[in-house]
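By written order: A, B, C and D. Residues from 1 in each chain.
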Amino acid sequence: MSSPATLDAHVLDLAWGGVLYWLALGASALFLQARPGLLVRLIFPLGALGALFVAGIGVAGLLLPASSMVLPIGLPDLPFHLRLDALSAFFLVLLGAAAFGVTVHAAGYFRSMAGGPLALLAMWYHLFLAGMAMVLLADDAYAFMVAWEVMALSSYFLVTTDHKIAEIRRAGFLYLLIAHVGAVSLLLAFGVLQGGHGDYTFDTMRAAGVAPFWASAAFLLALFGFGAKAGLVPLHVWLPEAHPAAPSPLSALMSGVMLKTAIYGLLRVTFDLLPMQLGWWGTLALALGLVTALYGVIFAAVQSDMKRLLAWSSIENIGVILAAFGLTLIFRTEGKGELAALTLTALLYHALNHAFFKGLLFVGTGSVLHATGERRMGHLGGLIRSMPWTAWLTLIGALAIAGLPPLNGFVSEWLLLQAFLLTPGLAQPYLNMVIPVAAATVALAAALAAYVMVKFYGVVFLGQPRDPALRQAHEAGWPERLGMLWLGAGCVLLGLFPTQVIQWLEPVVRMLTGQRLPGIGNWLLLTPVSAGRASYAPLVFLAGMAVVVGLTVLWVRRVYHGRVRRSAPWDCGYPEQDARMQDSAEGFGQPIRQIFAVFMRVERETPDPFDRQPRYRGDSRDKVWLLVYQPIADATAWLSRQAGRLQHGRIQWYLVYSFATLIFLLVFAR
Amino acid sequence: MMALAFHLQVVNLLAALLLLISFAMLSQRRVVGLVTLFAWQGAALAVSTAIVAGTTGQYHLYYSAALTFGLKVIAMPWYFYRLVRKLDVNRVVEPLINIPTTMLIGILLVIFAFNLALPISEMSGTVTRSTLGIAIACVLLAFLMMITRTKAIPQVIGFLSMENGLFFAATSATYGMPLVVELGVALDVLVGVFVLGIFIFQIRETFDSLDLKHMEKLKEK
Amino acid sequence: MSTGILLQAAQTLLAILLAPLLMGWVNQCRAWLQGRSAPSIVQPYRALRKLFHKDAVLAHDASPLFRFAPYMVFASMALAAGIVPTLANDLPFSPAADVIALVGIFALARVFLALAAMDIGTAFGTLGARREMLVSFLAEPALLMVFFTASLISQSTALPVIVATLAHKAFAIHPSLAFAAVAFWMISLAENARIPVDNPTTHLELTMIHEAMVLEYSARHLALIEWATAVKLFTYSALGIALFVPWGIAAQGDVAALPLALAAMVAKLAAGGAALSLLEAVSAKVRLFRVPEFLGTAFLLAVLGMLIHFLLEA
Amino acid sequence: MELFWLLGIPLAGGVFLALWGCRRNAPEINALFSFLTLAVASLLTARIVESGPMVVGDGWFFIDSFNVFLVALTALVAFTTALFSRPYMRIEQEHGRLNAARLRLYHASYQIFIGAMLLALTTNNMGILWVAMEAATLATVLLVSLYRTPASLEAAWKYFILCGVGIALALFGTILLYFAAEKVLGPGGTALLWTHLNGVKAQLEPTVLSLAFVFLLVGYGTKVGLAPLHSWLPDAHAEGPTPVSAVLSGLLLNVALYAVMRSKVLVDGALGTDMAGSLMMGFGLLSVVLAAFLIKRQTDVKRMFAYSSIEHMGLITFAFGMGGAVANFAGLLHMTMHSLTKSAIFFAVGHATQKAGTQLMDDIRGLIRTNPTLGWGLMLGTIAILGVPPFGVFASEFLIITTAMHEHPWATPFLLLALGVAFAAIFGKVQPMVFGETGLPRLPHQPAQTPVFLHLGLVLMLGLFIPPYLAAWYRQAAHLLGG
């Protein structure tokens, strides 16, 4: 009896040790200021090891029962409480696994910026990792908020690494502002949840029964707060600015992991801390999620900056995850526990997948950036020839995020769609109306994601180099390749062994929904509900594919021949064609721009046909900025103008204020 | 109810006088006139303090009476006269709001003050219960005067006559604060006036005028 | 089990081998309808054989992706053909991928073809790729919705089960399926690059969609792609049959029923091909900007089908 | 005994420095005196922490954990500010903005000012409290106008008149208090002793006390800088020398609020209603919101942080207004954090403005390029004051906001709005000052880094770990305030 208990305690100690380890690394980075080379070769690999360690802790946490501990720091009545249960364990695995690949890549990536503020960067980087881990471990509101803001703050400083550029400063400012407003609303949410008399541990929150009204208030506040971090439309505006601004490994971590911490928080508050769930929350979340997904993917399709494109696609994925969240809520409140379990599994699975493929894609763009110094797709192309490793590994990520079998992106979408098909018989008729539309939207988003990825990959890696300098682009170094290799392998394995993964997710699902999937199937065949209902066998699929390809190749070579002649591209006999005749990123965006013109404000300047150096600039702005944020800014400006009127320098008037206040109080306040 | 003892009637008379002087100050346009009125107010205050001291045997009030006399009747007026002559700022100054309106507001304030003081003076154990309302009225009127004046010195005088009101409240309503406090307050007032003197010279030499309208630069653009 | 595997192999091979025949039949019908002298029905086979014999010509900087794509496309289509029950139902390979996975397979093939088209970096290649993806991002969800309608009726996304329920259960009228059928027809026109979305026989590059992507291909690569296209048409037809007129498909392990099933299939395919060519003959290709509207309609119909199922049949 | 020295040292220092005058090591002597004060203060604190509250000087002085904590804070910040003003004033002198005579005035009245505040904190007599407050005002008036520029004169004039009037009203409140007290305690010296008043507060006449509290609140509230009585504050902070801004923001406002709290305790006892509390909440909210919107339109860095002081004072007042153990605790904590952080910010800002030769934020750019420690000091200080963890300001804001959400939900939208606006305004203005390119020169003297990072270090530590005895001390104080 006692032995497992002690074991758990140790697990949590180890987790906390991992956090401290990262903190120590960050601190020690400052002392290596003088030795940038050593810094990169030593600190980052060590950090990567830490990530691996944390992932291991997470796996252990999934297997062991929940354990908690109290740290000697924090507020007097409120020391830091830590807790490691299945939910935090799963996200720890996500964090560690993704961070490992990214950090290994970083070890290579940051060599380029030796001489820069590398020491500070390394410090903030590890502080960021530690902060995210703490968010997952925290078991009281104060610890959670501290970790949450440390995460935001460190990432802010990382985003503004290159603070000489005004746009980057603006991006960082927008990011930190929205993060802070979100944090305050989280504070309010915890204020509602607290048991009163200043007890903020999650345990008392679980115990404290909240009236439905206040529960809804807390949920909405939490949705706002976490949505601001996750990039939920219309709180997403910072995301496409901040993620591209950061150094690529950072973009990878922010997109791949940090957004997930918001999902973690949402799950924690909704299913763990709140005593009840209400149906309309689910509908709201579902609607918001679908809007976000569609919005994100549409804007991803019209971007012409590769990191920006990926950032928008992150918004899309968050949208899908949120939709799954909403669906889980609906099923939960409808008393369809098994379906809730299914959607939750899809949610977690997709979160994990996104961490891998989005991390992979971002570090891929990092290597491209590193090799070419170019982010604008209009100046890239044909890199598959000069940097094959990067290209082929990125291809895995692109196919995975496009949701193509047999990679991992497909599995989670498959699970989610299955859930949609199981909906008939919900109590509210309106849900029965909503579900098909929702399913259609998800499908549409997935299809558009494929469009986006073909655009991304084709323009950046295929075709003719749009810039002669690109022919000399050098391949990524070994650390970078290793990092991408790890992440790519993750995408493949998660795609090929869904049953095992789902078994690992099982404790989390049981903890949150109190239910388990009706069936999982064997290692080969994934049958989430029942064999008759639906089945998917990626391994068989892959084998079949391989067999057919092999046979075909064999047969073609045997029966006929393998002779190949090389020549100039035919291109319908057009002789002098050059790289600028290829479709540009803008060109690829054009149809989408036409179809979904309502969402965006298009600005473009088209060159004069006789221009020798023609320049084309097409820019599709986000209308939300105009419709939501501009008015808010104007309103504040107006109000502050009015407030300024009070302060007009005349002492007599100031005396009048005091006088009036005095009289007023004498009249009314007695 | 029986007629009050003679000295109390005197105190009430002086109270009325204070109020009257406050009104007079409100309506006074010339700086020198203001200073004179201020001196008279001080005198009235000193006398009433002395009477209260005599009747109630609160002998420490004699000190404060003397203090008042010395400071507010002799020292400060003399100082202000010098200032005015030196800086030659003794011309007619139009207040912000015209006199009649100011008067009207003043009347309203007095009524308000009396209503305010009524419940309190009911429970007052002191002989001079009704004077508290007058004291409040004086304070408010002085406040009003500070608001309406656009020159530095009148504002200062308004400030000081406010202190007069306070003193009067202290003496008449409570037979005076503890001596230490009285002394401390007096000291503060003295230092305050001294500092003000320095100020007024600085202002004068910086803006070569004591008009407050030069001092409206610090504001929200 | 072994019979099952045999059947599986047989059916897949049959599909692959028969596919060009269907293509030829369609072309023949259309020629007749247009009053031209029709090519022989085996013309596609001849074309393929010729292509396989030629030397492959590759652009100088064609990447491995470019050479690998045709095999990938062919393999995907072969798999698809293996999943869709044409003759017999519930074959051993079918559990490996349900309808959603089927859509995934089509998407896989399409993405690879599009990437390959962009690889050389010619104007027409990239143009074709873009148009193809444009068509697909509307057609794919629509197809998914059609499948959903069917699988909502049959409580399953596994094709065998769907077919079984639709074919072997007591006959029931599903108005939702009517919508689905129309949507499916429109989608398959688009997906198989037929008029009115695309013209498989055009030689005008600017109007091309599918053809523009394969302009750079030659010889065996082109042959594989053409063949894959034929298999795709065949698979879609088989799908249509399986979803909307499934009667005659042999149930699991029912070997005796196979001849009948074969006959039924041939008949249905012939009818379908004729109908397709008829439609192509009477309709004109729409402008590219209209294509999204066309597909949007299909998408809408499919979703309507689902809604109607929820309204009337759930 | 410590008490005697505590009050004696600054006064002696003031006199000595006035006489010692402009010899070149005056700044060091100033720092030395401040250090001695700090030492005595810590001794006193230790005494109180171990042996509880004490009344000395036959009842004239009273020290409990509430004011001893403020004494310690005051002495500490006074010392660090003296350290900071050493290089700062030297540089000012070299820039020719000050001459020796003014420096003498500065040092002398600095000590007097500190002494006055310590007196205000430690006295037991509400009248003396008033006297000391007035003295502190007078001591700072001349400091505000130290530069003798038109602007500084105007600021000082407004400061003097507005605070003078305010303090006069406070005096009237005190008189009313005495008026009510003497009927219970009888006339004479004891009637104004807080301890006595506290003993009989239940019997004090409610109507009089409520009236008195209105006057006291308006009076001392003017010095706290509660809107709409705050008008003097930004001018005084912006135009005075930076060390003065630091002590004004960091200390004087606290002391004024201390006075308000002392009277609130009495009034609550007498009325038994939460009239005082709701008044303070109202003032607090108004100040927070108004200040936030005014911050948005600032161009002068010191002015902006002055408004942020108003905002934080409003927050503290709001917390005390809510009352209750948690809120009072949070209020005290926030007092500490704000003093430390804001003075640290003013230190950094002071050197920054000296570098740039202007207080206009548009002309201050890219500090971390030329002077990294200074830049990071300003950046971290700003982040701390904006309530971002792990800095301690967040700890108190956390408690305040969550409690407000629990007790008075109606107030939270205003808080949310104000905090958001203030964050956007301040951070959006500070970021370009710290980051980006710059053409600013280096400073002639080594700027004072120690005070900045000492304060920020303390704030950081208190955000993550509050030592038990400190916590116990806060709890006692919170309890004294009626928690």
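One rule holds for everything that comes next: contacts are C-beta pairs under 8 Å (C-beta built on N, C-alpha and C of every residue); 3 or more make two chains touch, one makes a residue touch a chain.
Because the structure is a prediction, the values reported are computed rather than measured.
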For chain A and chain C, chains touching each
none
Would you indicate which pair of chains has the most C-beta pairs in contact?
A-C
What whole-number Å value describes the gap between the mean CA coordinates of chain A and chain D?
44
Counting only Cα atoms for the centres, state how far chain C is from chain D in Å.
78
Quick one: report the Å distance separating chain B from chain C, using the average Cα coordinate of each chain.
101
Take the average of all CA coordinates in chain B, do the same for chain D, and state the distance between these two points in whole angstrom.
31
Name the residues of chain B that each touch 2 or more other chains.
116, 143, 146, 155, 215-218, 220-221
At which residue positions does chain D touch at least two other chains?
157-158, 161, 165, 169, 207, 211, 234, 294, 297
Would you please write down the residue numbers of chain C that are in contact with two or more other chains?
none
Touch relationships between chains, expressed as pairs:
A-B, A-C, A-D, B-D
List the residues on chain C that touch chain A in their complex, please.
52-53, 55-61, 63, 65, 71-72, 74-76, 78-79, 82, 93, 95-98, 100-101, 104-105, 107-108, 110-111, 114-115, 118-127, 129-130, 133-134, 136-138, 140-141, 144-145, 148, 151-152, 155-158, 161, 205, 215-216, 220, 224, 289, 292, 299, 302-303, 306-307, 310, 314
Quick check: in the complex, which residue numbers of chain D touch chain A?
157-158, 161-162, 165-166, 169, 207, 210-211, 214-215, 217-218, 222, 228-229, 231-232, 234, 275, 279, 290, 293-294, 296-297, 325-326, 329, 383, 386, 388-390, 394-395, 397-399, 401-406, 412, 415-416, 419-421, 423-424, 427-428, 431-432, 435-437, 463-466, 468, 471, 474-475
Would you pull the chain D residues touching chain B in the complex into a rising list?
125, 127-128, 130-131, 134-135, 138, 141-142, 145, 148, 150-151, 153-158, 160-161, 164-165, 168-169, 171-172, 174-176, 178-179, 182-183, 187-189, 191-192, 205, 207-208, 211, 234-235, 238-239, 294, 297, 299
Per the touch rule above, chain A residues touching chain B in the complex are 643-645, 647-652, 655-656, 659, 662-663, 666
Going by the contact rule set out above, which residues of chain A touch chain C in the complex?
381-382, 384-385, 395, 399, 402-405, 410, 414, 417-418, 420-421, 424-425, 432-433, 435-437, 439-440, 443-444, 446-448, 450-451, 453-455, 457-459, 462-464, 525, 531-537, 540-541, 544-545, 548-549, 552-553, 556, 559-561, 563-572, 574, 577, 579, 581-583, 587-588, 591, 594-595
